[in-house]
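Chain naming follows the written order as A, B, C and D, and within any one chain the residues start at number 1.
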Amino acid sequence: MTSVWRSALTIVVFALSTLAACERESRDFPRPAPGAEVGDPQTAAAMIARDERNAYALATGKKLWNWYNCNGCHANGGGASGPALMDDVWIYGGDATSIFQTISQGRPNGMPAFGDRIPTDQIWALAAYVRSMAALAPQDAAPNRDDAFLTRVPESFMDAQKPETAKPSSGGGRPR
Amino acid sequence: MNGIHDIRLPAGPQAAALFDLWTLMLITCTGVFVAIIVVLAVAVWRAPRATAKTLPDADAHPRKETMLKRSVGFAVATSAVLLFVLLFASFIADRAIATLPLDDAVHIDLIGHQFWWEARYDPSDPARSFATANEMHVPVGRPVLMTLRADDVIHSFWVPSLAGKKDLIPGRTSTIAFRADRAGIYRGQCAEFCGYQHAHMALIVVADAPADYERWLVVQRQPAREPSTAQERRGRDLVERASCAMCHTISGTAARGRRAPDLSHVGSRSSLAAGTLENTAASRAHWIADPQSYKPGVDMPPLAAAPADLVAISAYLGALQ
Amino acid sequence: MTAASGAFPSDAGSRTRARERSQPKKGGRQRLRDGAGAGSRAAAELERTWTDKPGVISFLSANGHKTIGLRFIVTALCFFGAAGVMGGLMRHQLATANSHLVGPDFYNQLFTMHGTTMMFLFAVPVMQGFALYLVPLMIGTRNTAFPRMTACAYWLYVIGGLLLFGAFLSNTGPDAGWFAYVPLAGPQYGIGKRVDVWNMLVTYSEATGLMVAVDITTTILKLRAPGMTLRHMPLFLWASLVTSVMIIFAMPMVMLAANLVQFDRMLGTHFFNPAEGGDALLWQHLFWFFGHPEVYFIFIPALGFISAVIPTFARRPMFGHDAIVLSLIATGFLSFGLWVHHMFATNVPELGKSFFTAMSFMIAIPTALQLFCWIATIASGRLVMKTPLLFVLGFFFILLIGGLTGIMLGSVPLDLQVHDTYFVVAHLHYVLIGGAVFPLFAAIFYWFPKVTGRVLSDRLGKWQFWLFFIGVNLTFFPLHILGLAGMPRRIYTYAPETGWGFLSFLSAAGQVINDLSMLLFAFNVARSLFKGERAPADPWGGGTLEWSVSSPPPACNFFALPVVSSREPLWTPPGNVTHVSGLSAEIREGLTTTVIDALPDTRYAYPAPEIWPFVASLAVTAWLVWSIWSVRGFAWGLILPAIAFFAWYWPDKKESIEEISWETEP
Amino acid sequence: MTRREFIPASIPAVRRGDALDVAGLPSYGFAHRSLMWWGNAGMMAIEGGAFGFMIVIYFYLRGISNAWPDGGRPPDLLFGNINLAVILVSAVPNLFAQRAAADRNTRRVRHWLYVCAAFGVVLCAVRWFEFTALNVRWDDGAYGSTVWVLLGLHTFNLVTDVADTFVLTAVTYTSPFEGKRFVDIAENCGYWYFVVLTWLPIYAVIYFGARL
């Protein structure tokens, strides 16, 4: 009968997770709002809560990542002229607020400031997606592979990165 | 944004052939339907009534049975013949559609996006090639040969008054040819479910007299018109600086995004957002300020800008004839 | 007629042989065997043997075909109600232009859930439920061949349905359409877990369908009463048989296909990814190769209902019985050659398209043949104008319209215009409501007395019929015209300039009338269950075996298995052998017969009720749910079902001892 | 298949007045006389259907792609051939096990089931190496996905039948042992033929579909 208890448990877990799913599955389409105070901790917390656990926001972030040609420098997070983002090394911090600031205000040695070019909502989505590239966002919300030539391990089954652990990882799959 | 959009109002040879086929089918099928229902009604009306207690006649009257056999056989034979006739008619219509003469056809690449149409004219010749969105002009009397591709998911090209459907499938290229024989505005709409805004993905096809068409071509091939007033100039600067330029192209300006409709001549179009809004100064401003309230799920983000700026942008875009 | 008497020699030799064989092996006590009619001691013992004990565990363990069949029917009708509510919501969203009742996100979930529920959770299960309930009664046996597997199938079906609705209520309802076209349902555009839930539901409901299909096929082929040769099989059984065999050949396809999509989403495979050598069109081929026969899984059993109701209410055997059997089989075959007519707008080769046009026209002929045979039967019969017959007449009217528009859709060029417009919506609702729901109500009114022992009110039934008939036509006929006016399917709103408002509003009004008639039906059922008039064994004067037992039937169905010598055993004088004797009354025993001419072959000990089918369904659930959330779960989760199924198979000592004492070696 | 299973259904049922006494009928029968055989046949139809569809998919994708296998090398033949040889030989002990079951000889049944189980274990091990010798990952492209799923489907059948064999072997040690369990054993052997036969086309497709 062990299997009974295990299955019952799994069903309960599923029930709970589907309730949690409300925030993973919700599609909140951005409406006009006063631009978020960058770095303001409340905003950061709110945005992370909204985007990192939200599949639609992460997918949007991934789409924008391609549209705005982040690959140009950060080739699929693998790194080229810009640093790699799939590994666990974060020069300017791997938390959402730091990433937000990196994108909006730019960083020395090449990272341009996109603050007045990209709306705040989209920057938060991008930040959330960048975190999901390193499996710092919840896996069940992270995007699956693209309908394109597969160039990297899908975010949804990347091995989780521990920002503190120092050794760079291949990302759990074969880099192409 | 309003155009003829009806299978029963054909404006081209193919739509006409299809409408004839439809009429034939309708008449035949109605006839069959009426005949069968009448027979059934008479049968029910003439048959004697009984109750559950009535003894069933286990083996019915032999003469009656042979009569029934004959009539059923006759009915089946008749329906088989009718089906064959319809099948034949269907094949004829098929040929009529397939054999559209294609000499000096207008070549257009149509690319389906979530949730808008991108049309590239003269794709083979970069010098004369240009792009427009959600509104195509075609010359009356000349065949149009369209190459269909999809950028993201499956869409379907369908202008009922001109021709049947053709799907735009990612990874595949298909073609469809049609001809408009009467000048007019024909509305089409995406016919394959493609996501949140499948409902707001209209395509306006304007059939011009050849002369008007040529005039339109000339205008479209030119780069975007320079702003004339101060307000328009302000609008252009805003467009170039703000997020618009990340996705939209306005030829001859710093806006070179490739992900959204080409706005070089947006002022000349009758509608915004794939037939969602009429193209007026006010609706442009509203759309830019809050697109998600008109098309929830569209990729266009709201532009956080002061009303005056919105008006300026709207004025500039309106001037892009 | 004399097939029975001819088949069973009565020579002394075999009698003595039989007697010494029938001696019990262990402990000399004389065994209690059936054969004596109702009221005897054996009959009482049989009832005891076949009645399930009270209590939760035995509720979860029940495997009697009447229990499971009824559970299937009731559950499916509940899903029917839920899906109907969703349909109503959609019609009211579309009743006015630019309506804001629901947004696009929720609307997409709505129509996906409506289609998925109607096809996977209502139509097929309800038909299989009727088959499970009726087949053993019609072939004269006491249970289906694999009752535990069927019980397991039921639990899978319920759990799958509940998971789907749980997901829907927590905003994880699938939103890519019941056809789940890739790439919209693929890994990139099918965002979140919504499509995963859909894939899981498909796996569930197809597994259910397949298990039940295997059960019904075996039951019909091997458990028919002695003398019920293939020629003596009632049409309903033929319909069930054809459907089950079709299911066995079509459903593996969609199960496989849904899993391939799941692999694409979960493991990063590339079946449908053009950039890596896959193909988006492949999915459409796979889905419609199943999806078109699916319509016939729903339609053919309904034809079975019609062919069961008409003879009873026309007081004569069905005219052209053999022709109908042949056309059922022909329909079954042809339905596998139609799938591309759902894909005419894609760029599949033109020649192929014409072939599929021809096939689509051809399948109309067997259906027409049946139609004419039914009309002939009615014309040459004496009619009992009760509600079931009324629903059958409504079926003729509505299905005919659906069938004729179907012919239009089968033609490539015309389909290019009306494909994916509301014309198709109208067509498919005329076919499925006319072809399945009207016969379903005919069947419910016809067999309700047999199942519950009470007759549904005929007056309320006629009211319900007329409301439903008017409502359906008012709801769905305008959609034809909307399609011609260019209204595409699956749009959540439209602009007033399109001029689609008025007809959409009519349609919404018709929907309200449908709701009324459904409420009336619910009231009728509730009322009749308590104060409906008591039903005798054969309230309609039907001719098939299920009417030979009391209403509701005893737990063992037949105190003595019948021996039949004709197609309507209750309408023809019995042969010189009327029933079977010598089966155990102490364990659940039945009789297997030969496939073609139904000669007695072996005695067969039905499995006793067990909790394991239920446990196994839980284990499978654990596996599938786990596999949605992690790749590892997909591999390791398999251990749970394995454990459950082996525990299920492991012999139970007490049961074995009992059965061995009844054993006779071949 | 044994002679015994082909004995036509003799009818020891006799008339007693208007009743048909079936008390003398056997309580189980082999081959198509047993319901288990029909259920098994149904399952084989379902799985055979799935295999067939998968092979169709393989050639459909092969037909539309311009490189097959795309980029990589075709799978190495060694383990595939070993598997083919072993699985064909395994049909022999399987046949004896089935005979023994039909003769209801528990000792011989056990003995041959052990041999079958051994073969099964060997085959599973070889199958593991086959996956490593495919020279492609399931997410390398449509080709990789197809061969992995094709091989995976057959592996699923292989593993389940081997597991069944173990369980049945264990069941032969339980007592009392009903005669109908012999039918289950015979049917399990029948299913093994299905595993063997389906391997032939799948082997051909996986190993030579990428070479032709």
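Convention: a residue touches a chain if its C-beta (ideal position, glycine included) is under 8 Å from a C-beta of that chain, and two chains touch if they have at least 3 such contacts.
Since the structure is predicted, the reported quantities are computational estimates derived from the model, not experimental observations.
Contact with chain B and chain C alike is made by A. When the C-beta pairs in contact are tallied for A-C and for C-D, the bigger tally goes to C-D. Centroids of chain B and chain D (each the mean of its C-alpha atoms) stand 52 Å apart. Chain A and chain C have CA centres that are 46 Å apart. With each centre defined as the average position of its C-alpha atoms, the distance from chain C to chain D rounds to 30 Å.
Here the spacing of chain A and chain B, counted between their Cα centres, is 37 Å. Among the residues of chain D, those in touch with two or more other chains are 139.
Multi-chain contact residues of chain B, defined as those touching 2 or more other chains: 170, 196, 296-297.
Multi-chain contact residues of chain A (touching two or more other chains): 27, 145, 147, 150. Across the complex, chain C meets chain B through its residues 103-105, 108, 177, 181, 183-184, 189, 274-275, 278-281, 311, 314-317, 319-320, 323, 345-347, 350, 354, 357-358, 361-362, 364-365, 368-369, 371-373, 375-376, 378-386, 393, 396-397, 400-401, 404-405, 407-408, 411-421, 483-486, 488-495, 497-498, 539-541, 543, 568, 571-572.
Interface residues of chain B, counted against chain A in their complex, comprise 170, 196, 241-243, 245-247, 259, 289-290, 292-293, 296-299, 301-304.
Contact residues on chain B toward chain C in their complex (touch as defined above): 1-2, 5-8, 15, 17-18, 21-22, 25, 29, 32-33, 36-37, 39-40, 43-44, 46-61, 64-65, 68-69, 71-72, 75-76, 79-80, 83, 86-87, 90-91, 93-94, 97-98, 152-154, 156, 158, 160, 163-167, 169-172, 174, 187, 189-199, 275-276, 296-297. Chain A meets chain B in the complex at residues 27, 29-35, 63, 67-68, 116-122, 147. Taken together, the chain C residues at the contact with chain D in this complex read 7-11, 14-15, 17-19, 21-22, 33, 35, 145-146, 149, 210, 213-215, 217-218, 221-223, 226, 248-249, 251-253, 255-256, 260, 263-264, 267-271, 273, 276-279, 282, 285-286, 560, 563, 574, 576-583, 591-592, 594-595, 599-605, 642, 646, 649-651, 653, 656-657, 659-660, 662-666.
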